[in-house]
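In what follows, a single structure is set out as structure tokens and then discussed.
Every chain is named by a letter (A, B, C and D) in the order it is written, and numbering of its residues begins at 1.
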Amino acid sequence: MTALSKEKIKEFEIKANDIRQSIIEMLVEAKSGHTAGPLGMADIFTLFYFHILKHNPKNPSWADRDRLILSNGHICPVFYASMAHSGYFPIEELKTLRKFGSRLQGHPHREYLPFVENSSGPLGSGISQAAGMALADKIDGSTMLTTSGSTSFDKAQDKMLTTSTKDRYIYCFISDGELDEGNSWEGIMFAGKNKLNNLIVIVDRNNIQIDGNTEKVMPLEPLKDKWSAFNWHVIEVNGHDFNALNDGVLEAQKIIDKPIVIIAHTIPGKGVSFMEHDYKWHGMPPNKEQGEMALKELKDMAFKIKNA
Amino acid sequence: MLNPKLKLNPKIFNEDVEQVPIRKGFGIGLLKAGEENKNVVALCADLVDSTQMNLFVEKFPERFIEMGVAEQNLVTVASGMAAMGKIPFCSSYAMFSPGRNWEQIRTTISYNDRKVVIVGSHAGISVGPDGGTHQALEDIALMRIIPNMDVISPCDAIEAKKATLALAKTGKPAYLRLAREKTPIITTEETSFEMGKAQIYWMPDIGLTQVGIIVTGSLTYRAILAAKELEARGIKTKVMNLSSIVPIDVEAIVALAKECKAIVTVEEHQVNGGMGSAVAEVLAQNYPVPMEFIGVQNLFGQSGSPDELIEHYEMGVPSILAAVKKVLKRKIS
Amino acid sequence: MLNPKLKLNPKIFNEDVEQVPIRKGFGIGLLKAGEENKNVVALCADLVDSTQMNLFVEKFPERFIEMGVAEQNLVTVASGMAAMGKIPFCSSYAMFSPGRNWEQIRTTISYNDRKVVIVGSHAGISVGPDGGTHQALEDIALMRIIPNMDVISPCDAIEAKKATLALAKTGKPAYLRLAREKTPIITTEETSFEMGKAQIYWMPDIGLTQVGIIVTGSLTYRAILAAKELEARGIKTKVMNLSSIVPIDVEAIVALAKECKAIVTVEEHQVNGGMGSAVAEVLAQNYPVPMEFIGVQNLFGQSGSPDELIEHYEMGVPSILAAVKKVLKRKIS
Amino acid sequence: MTALSKEKIKEFEIKANDIRQSIIEMLVEAKSGHTAGPLGMADIFTLFYFHILKHNPKNPSWADRDRLILSNGHICPVFYASMAHSGYFPIEELKTLRKFGSRLQGHPHREYLPFVENSSGPLGSGISQAAGMALADKIDGSTMLTTSGSTSFDKAQDKMLTTSTKDRYIYCFISDGELDEGNSWEGIMFAGKNKLNNLIVIVDRNNIQIDGNTEKVMPLEPLKDKWSAFNWHVIEVNGHDFNALNDGVLEAQKIIDKPIVIIAHTIPGKGVSFMEHDYKWHGMPPNKEQGEMALKELKDMAFKIKNA
């Protein structure tokens, strides 16, 4: 795989740090909302918004854009911050998070913020929605292709599923906690059946959910085996390593006969030492004092990155 | 008499009146909708023949998606397809869709404002021998309480076909309620169907109407039979077909209440929360009158023939007659 | 005046009236129920603190079952445990339980007749900043339409505690609706609570009642404030706490309608299918009178503070006052 | 494993044949109902009702009985026939199947027939109910045991899950089609978490569901890997081989740290040649003529067994 340049990586690190600072600021201001997940996912969102996604913040409804489905809507602070930092709307607007009349609803709502592809919040439904989008692309892309099925029904169904000719991907970000939901497994089974290789799911494998660590609340391991047994191509990466992440996505884009899941190992609360790995920060915002401590730590880190 | 303006089936009172399952009209309508618009796609949760999607599947296999027994996935995949411009019709039994995927319908379809049509077949007690776990008696209530969701319950196969075609075009999420059993054909191709419009199917030959009967779905035929019998006994009624439960025709319902000052509602559904409940809400806010509710009285169904069950759960012609008489008495007192 | 017989909180009108989340009363009640009966077990879908099961978990870790984020499993496992003699209380947010497991509740609990209590926390618009996907506005309707299912929506934390203790003993499936936000304490330990019994919390000091206000859940406080204000303006009302939605107190509701001939219902719920709808059904069948419905008018919620949202969706004191005046006018005309 | 004697096996073969005949007779009389699944499961039901289950048809509510949860309620003809043939109620009553007022509802309802442990029909909820029962037994059985957890919460939870001292099993029969349901996977994950070794699930792996073969409608393979990845002990057997089945159950009863699934490969419609392997017989009853053909074939087979 082609490694990202040092400059690129530095650029991403700075962006991710900016986004983390925005997350803290918005949560302090909102006085409610989710902290651990958004901080943990900041590197992945950065890489997507500033490198991987085919999108145009100045023309958000560009038809040929990639689609990014956020399944675990509660981590929307990082989603909104990434959008603002990449130019969808003014960074200032982040301060309206969760307030009455804001476009930045507590969980993303596309009626309020049309840039989001799907309203979410209830867990476990994102994979299915993304699979439906990927399938629709397959149907549209396949109209011209010939196939190998035996009966005419089989042929038609094969045709429907022939590799998409649409030059785009459906990305779906999910959390580990929502893999407890049966709806997730229905979607996983369905995508496997339909060999949706234009669907790339990223799991925020941060090992926490509300009541504690996932392996205590509802163990998911061996997680890789689960996805494999449901006929997915599985990639595991460090969710804070831009090169590894980027390579993972490049590998995913080369798979031709399966949907792809990238299990991204992340640290909940990443970047703020007193929040890292602690499930209690799942749904608790920093108060003013904690916010200042967090921002100080992040700013110190930014200084280090810039002067490295 | 049958409302002459609506061109209803002239053979409706014949012994050998044509009988067709309401769900069949959906199958025919879906095929037609598929012909008219290539964006129409069909999704089914392992019940293609039962829900009458087979016609569509044969003609458009490349637009049919088999979901297996997974109703949550059925509607959430549909939501995703709608996001890409498809017009998905999703079918299963009404007990399982919306019964088993209610929150997903609310969030990923209505809240998300994605044009998906949820088709609940085998609604009502007339499902028969399969028994209580398969007889959906709460689905009207489940769906009429979700914002941004139309709810249509056709009276016969012809109306079901028209409703299907209409729903393919509205651009709004919708629920279509279908029944399993053969049902007499009441309407004709010429009878008009319009979302949000209630219609009077039966009216007195002459004289003032004493009771308004509001009916939805498969019991419409029985309501008309009851009205005819009442007419013979000198009790004058109107029968309103309320196939469009959402949007609801407030004006027509209030007008009927003002005219009759007594209403009987008839549906194959729990009386709690169903169509009758929607009518009660409208009247309480506009023009309260005595009402009687024909429907299942907060009970589960069981095995039996459709006719046995309709009689047992007091939704047959005799029960409608009794309800009309009861409400007439209440009106006077 | 406050009904003197009920020993309501004498400090209710103080500025510094004690405020406690209704869900907290459940937590305390569950702990007590666990102490009284060792068969009581608690199941939670990854929301122990939010749903206030933490007190029980600390005291009885060996009777607590963590389900993860899996609401279908939550209630079906509970059904199995009940089959072996346990008395399971299952908690999650009302949007997800019963929203995401409705058919399983119907089939494996009510149809199966297994004693399970479903506890839906964070019901209503007052959930606040989490927004529309987390504000359950349809759960009363979802549950009151299932046969063999009691539905209780307490007005404050003390009533919630009593309801929890009562539900641990009924032997019948039940739904307990809870709100997230702090709510003023209305009742006292001495105030009676009885399943199926509606109670008059506010009544005119003297003179005839002109309008009956029927309220359930967290808005009870606002309904009483509105009544007090109306009294000051010379409009005499009674406020009925209908915390027991199923079983419903037909007798008391009809008596109130007969007395006032005008009813306003108040609930943090869609007006379609909710408590008001249940009252409309009762009145249509017994004693129809003009009604106004305070609740969400077929809309989704959104982010905001609880107070902002209650005002925005027209469920605050001003809206109750307006509804009372409107129904008074309709009554006269 | 101790092999079953030849006489025993012959006895089971005759019973299973009787049960299959009853199934055909009830369905012809009922004019609706499910055929393929019940015929395919007749051998397994026979082994359970006449050999494995700890039960007492004369005292059906005996508290210490094993529990048999039928998840896929639509195969109740074989359930009812097995009950009747083992003495729960008169065989004559089978003719009332699906009729108004009958105790033998179209899908089992315990209000009508108290001998069934759970009303069913809607697919995918049986594993969870059985898991709840198994867990309840663990809680009751564990009260006296000491444990090894670290915190007091952990200790209490460990204690709750220590091997049941109740001397009984919770058996759960499920179909393959219902493994499409997310509810099934929620239950499977939960049972794995709780190491419910007193729970034994039998899958009717007949490869059909309503719309066709499972691998076409919603592929389940690699099925064994799926269960393993969800932390179950997996046993695969031929569902028509009494010895293999019996060995499978004996093996299952020895597992101490996991719930057990026995994937029983069966032939839908088994015993009636023109029904075997054909998914169209899922929910279609034989008409009078087909019923006679089927009965003739079964009676010929009975003659052969008896004279072997």
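To be clear about the criterion, a contact is a pair of C-beta atoms (placed from the backbone, for glycine too) under 8 Å apart; a residue touches a chain by one contact, two chains touch by 3 or more.
Being a predicted model, the structure only gives us computed values, none of them experimental.
Novice: Please indicate which chain is farthest from chain B, where distance is taken between mean Cα coordinates of the chains.
Specialist: Between chain B and every other chain, the largest centroid distance is to A.
Novice: If you average the CA atoms of chain B and of chain C, how many Å lie between those two points?
Specialist: Whole-Å distance between the two chain centres: 31.
Novice: I'd like to verify one number: the distance from the centre of chain C to the centre of chain D, where each centre is the average of its C-alpha atoms, in whole angstrom.
Specialist: Each chain reduced to its C-alpha mean, chain C and chain D end up 41 Å apart.
Novice: Using mean CA coordinates as chain centres, what's the gap between chain A and chain C in Å?
Specialist: 38
Novice: Which chain D residues reach two or more other chains?
Specialist: Chain D, residues with two or more chain partners: 109, 119-122, 180-183, 186, 189-190, 218.
Novice: Send over the residues of chain B in touch with two or more other chains.
Specialist: As it turns out, chain B has residues touching two or more other chains at 67-68, 70, 72-73, 95-96, 99-100, 103-104, 107, 111, 132-133.
Novice: Line, ring, star, complete or other: which one describes how these chains touch?
Specialist: Contact map by chain: complete.
Novice: Spell out the part of chain C that touches chain D in their complex, as residue ranges.
Specialist: 41, 57, 61-65, 67-68, 70, 72-73, 76-86, 88, 103-104, 107-108, 111-113
Novice: Residues of chain A touching chain B in their complex?
Specialist: 67, 69, 109-111, 117-122, 125, 128-137, 139-140, 142, 152-153, 156-157, 159-160, 182-183, 186-187, 189-190, 193
Novice: Considering the complex alone, what residue numbers of chain C touch chain B?
Specialist: For this pair, the touching residues of chain C are 95-96, 99-100, 102-104, 106-107, 110-111, 132-133, 138, 141-142, 144-148, 263, 270-274, 276-278, 280-281, 283-285, 288-293, 298-300.
Novice: Residue numbers of chain A touching chain D in their complex, please.
Specialist: Within the complex, chain A contacts chain D at residues 180-186, 189-190, 192-193, 218-219, 222, 225-226, 228-231.
Novice: Write out the stretch or stretches of chain D touching chain B in their complex.
Specialist: Against chain B, the touching part of chain D is residues 30, 32-33, 73, 98-102, 105-107, 109, 112, 119-124, 177-178, 180-182, 209-211, 216-218.
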